[in-house]
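Okay, here's the structure, questions in a sec.
We just call them A, B, C, D, E and F in the order they show up, numbering each chain from 1.
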Amino acid sequence: VNLNSYENNEVAGVVTGLAWTSVGGDILFIESTLSKGKGNLNITGNLGKVMKESATLAMEYIKANAEDFGLDSEVFSKYNVHIHVPEGATPKDGPSAGITMLTSLVSLFSQRKVKRNLAMTGEITLRGRVLPVGGIKEKILAAKRAKIKEIILCEENERDIKEIKEEYLKGLTFHYVKDMSEVLDIALLKQKVAKPKDL
Amino acid sequence: VNLNSYENNEVAGVVTGLAWTSVGGDILFIESTLSKGKGNLNITGNLGKVMKESATLAMEYIKANAEDFGLDSEVFSKYNVHIHVPEGATPKDGPSAGITMLTSLVSLFSQRKVKRNLAMTGEITLRGRVLPVGGIKEKILAAKRAKIKEIILCEENERDIKEIKEEYLKGLTFHYVKDMSEVLDIALLKQKVAKPKDL
Amino acid sequence: VNLNSYENNEVAGVVTGLAWTSVGGDILFIESTLSKGKGNLNITGNLGKVMKESATLAMEYIKANAEDFGLDSEVFSKYNVHIHVPEGATPKDGPSAGITMLTSLVSLFSQRKVKRNLAMTGEITLRGRVLPVGGIKEKILAAKRAKIKEIILCEENERDIKEIKEEYLKGLTFHYVKDMSEVLDIALLKQKVAKPKDL
Amino acid sequence: VNLNSYENNEVAGVVTGLAWTSVGGDILFIESTLSKGKGNLNITGNLGKVMKESATLAMEYIKANAEDFGLDSEVFSKYNVHIHVPEGATPKDGPSAGITMLTSLVSLFSQRKVKRNLAMTGEITLRGRVLPVGGIKEKILAAKRAKIKEIILCEENERDIKEIKEEYLKGLTFHYVKDMSEVLDIALLKQKVAKPKDL
Amino acid sequence: VNLNSYENNEVAGVVTGLAWTSVGGDILFIESTLSKGKGNLNITGNLGKVMKESATLAMEYIKANAEDFGLDSEVFSKYNVHIHVPEGATPKDGPSAGITMLTSLVSLFSQRKVKRNLAMTGEITLRGRVLPVGGIKEKILAAKRAKIKEIILCEENERDIKEIKEEYLKGLTFHYVKDMSEVLDIALLKQKVAKPKDL
Amino acid sequence: VNLNSYENNEVAGVVTGLAWTSVGGDILFIESTLSKGKGNLNITGNLGKVMKESATLAMEYIKANAEDFGLDSEVFSKYNVHIHVPEGATPKDGPSAGITMLTSLVSLFSQRKVKRNLAMTGEITLRGRVLPVGGIKEKILAAKRAKIKEIILCEENERDIKEIKEEYLKGLTFHYVKDMSEVLDIALLKQKVAKPKDL
């Protein structure tokens, strides 16, 4: 899937992540949507157990911090959330899409735009910490191939970046974070998407 | 199954797809029906996990864009939807029936006729993008054997068509699309089916 | 199980099918009953996934065409349906009992008698088409051994009959069909069963 | 388990069956109890799928023929039924306990005594037919060892009895049946159990 | 786990059982607690299917005989019961903890003390019979090592005790039972536990 | 994950445990959160069956002893609890996180701070006893590496500590406990966390 043809920050909830597969790094997209319902969470994209748990963690974090995001907590019981990771033929698992999922969901509920040309990878915890993940070198190479300009990583992954040859890092800006709130400050614009939903 | 004996655009929800199997390409049919209920989705035809996820994605997309299709969103909680892929002896999986399922469901809910002698193959995303799929050459040969005249593919699959000898393509018209709305514009006629249901 | 000792068209819902097993053809029986309930469907007889899907398809078809069978659609939410295929020691699967199940269910809901000395085999679709099935030669031999006189098959299975030696077909009448409605016209008598239930 | 120490027709629902195992025939007991509830069916005793289906069939048959047993059909939604087959260390499967389960349940709901020194084996169908089962010779030898005096079998199993040496059959009376109603006429006494429940 | 440090008949529901494992006999403890709820039964301790069925049987027996235990049957729908078998690292299965579980539950619901220095092993049936179990010799040796003084066994296990050398039995008193009511008469004191719950 | 960067006793429910893995000892964190709901328990972190059972046991213990913790028992039906063990890529199982989970949950419901530089390992029972666990030597070494100062263990694990060379124990204080209440007395401060939730 081509980034330019795919990425579109005119809609809420579409965020670019970085994945590590047995054949190297790759970019992946997280999409999420809301529909009127009773608070169910539906997850598709041929995901494994750990990746589904990441989605649950992200959702719980948003519920627990609803006020900080300016959200009325009633919204969680009035809408169903659907998270999808495209390219259904590929099984996907692991915790590294955690921050990507959270960013997608906060964009969705706040209807704020996601920064363009940005990718991210990092595990999340229930308390909002960001944990380091593996496969950093391969993920960075994939990000460059996809014309990504900025990357969000866990602070503890800075050591992995330092081991990569400088020429591979040219044109990339790195943001090192410890907490989910820092991810959201970087990734989400103040501006709402076109035709924002009124939740 | 013979296309002529099967296809019948007098009823809503019957759409022709293209499948790739270990013994070559094949056509397949998606059927869907509505019955009074509480909004359940029932999927049969010996389908694997990824193909069932496609059905869920298609259904979510329709719910999220109900207004664009002139649908009252109450309809989704008053009817059960059943999607079936005939030839139950054959296990079926993969994301490539996504656009076929979506077309079937929009035909069903709008009671619009599906264009005749048309087949399609492509993955869908939650946000309505169409993604490229594999096995294009085999699928095209199967479509020709079945007397298909028009084929809808993802824009990114055009490169696969260009690699096929011209003589195999004679008599076929290709439509390359990026978004689900383009698929529906091509595949669905304005005309309603015979004895349309009043939802 | 002996056909004469088993078959009894004095009760609704008992229909004879034809099965193909690893040791040759066989006849099988489909039984169904109604009990007051909330519209649940219970299926027993050591059936595999595809055969259970056939039962679901048959049930959906009847619901979608209730009016054509003179049925008040409220009946489906006021009764539970139980479908059973005797000889529980034998695992059973495949789509070929589809028309047998549908005939059983329409007999049950309409309380009409099933024609005697009749057997059938064919896959059904959600839209009521009958699809061809395999193992025709073995099934015909089993039907003869069981003193069956008439057999319903999909139109596309006629070619399989033409390949069977004439002497094996003596005494058998074949009905070739395309749609479920034709099956029901042949298999169900106008006459109600003894002591018909008033639904 | 010793028959004399176990069997007790002073309580409803305890019936002796005959089982065939890899090490020969054996007797088994079916127990059932009622407790106030919502009509749930609970089945224990390390049973396989087919044996659980037999319990379901038995229960459905009783519901469908409640009037014939003098039962008010409201009773089925006001009580939970629990069926247990003792000796939990042994996995048990197969359809041959069908008539034993049905007899247990009718005894339970009618609170009628079960005839003493009686055992039985046979598959049941949804419509109340009794089907033949295997392992007859081994089951008969086990019945004799356990001091059983009368045995109920399917009519079609008579041929298996005829192949057994007369000396092994001395002291045993056989009842051959076609329908469940015959089983119940033989197995259940008119007399109620001690302290019958008033359902 | 050391018996003296563990056992405490000041609380209801803690009962000592005897288990047979691949490395010899062992004692085990059954614990149970009540919490306000809707009558759910929760079972933990890494238990297999048969051992979970024992817990269900014990619970059903108590419900069916509530009056005999002086229990108001409303209590079963107002409390949740949790049964736990400590040492979660060890998988546990088999029917022999049946009488231990039942004793635990009757102690819990009646808030009566359990006799000290007592252990037991035996399968239970739905009707309250006690069935013999295996591994008796190993279980007795484990009981002695743990300073157990009295042991409850099924009457039919007496033959297994007679095959054990007298010196191994010194200091042990055996109770042989046929029915659950005998187990409870031996194992439960009339005295209530400290701070009995008022159900 | 680095202890200093992770541990933060300003929030309730974050507790440090000790784990034994095939590559040696390690520290792990238990996090828990509350969100308005109906009393559901959600557990993530790629946990096995036994570890999930520990979470259930901890929750049951708190419910059964709500008064002792100054908790209104209505709180359990008005909030959902989510327990998470970070580092989702690593499967985790075994009973030894029991006391860590309980401490996390009591901190959460009471909003009391957890003592800093403290780690613990021990199985819990339904009745609040603490049972010994394995891998003590490796766990102690991991605790030292992580700058832990105090460790809570089951009394019966004292013998394992005595077998470790004194130099490895320098700077560590051990607390040996028999009951959960002792764990909580040691691990939880009287002081509430910053911005305590008012449940």
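Heads up, the rule we're going with is that a contact is a pair of C-beta atoms (placed from the backbone, for glycine too) under 8 Å apart; a residue touches a chain by one contact, two chains touch by 3 or more.
The model shown is predicted, which means the values in this text are computed figures rather than measured ones.
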Counting one step for each move to a touching chain, how far apart are subunit B and subunit E?
3
Copies subunit A, subunit B: same or different interface, half of numbers shared as the threshold?
different
Which chain has its C-alpha centroid farthest away from the centroid of subunit A?
D
Rounded to the nearest Å, the gap separating the Cα centres of subunit B and subunit D is 52
Each of the following residues of subunit F touches two or more other chains, namely none
Once you've mapped the touching chain pairs, tell me: line, ring, star, complete or other?
ring
Check: ring from subunit A, direction subunit F, yields A, F, E, D, C, B
In the complex with subunit C, residue positions of subunit D that touch it
49-50, 53-54, 56-57, 60, 63-64, 73, 94-95, 98, 123, 125-127, 129, 131-132, 134, 155-156, 178
In the complex with subunit E, residue positions of subunit D that touch it:
1-2, 5-6, 8, 11, 13-14, 29, 31-36, 42, 44-46, 82, 84, 86-89
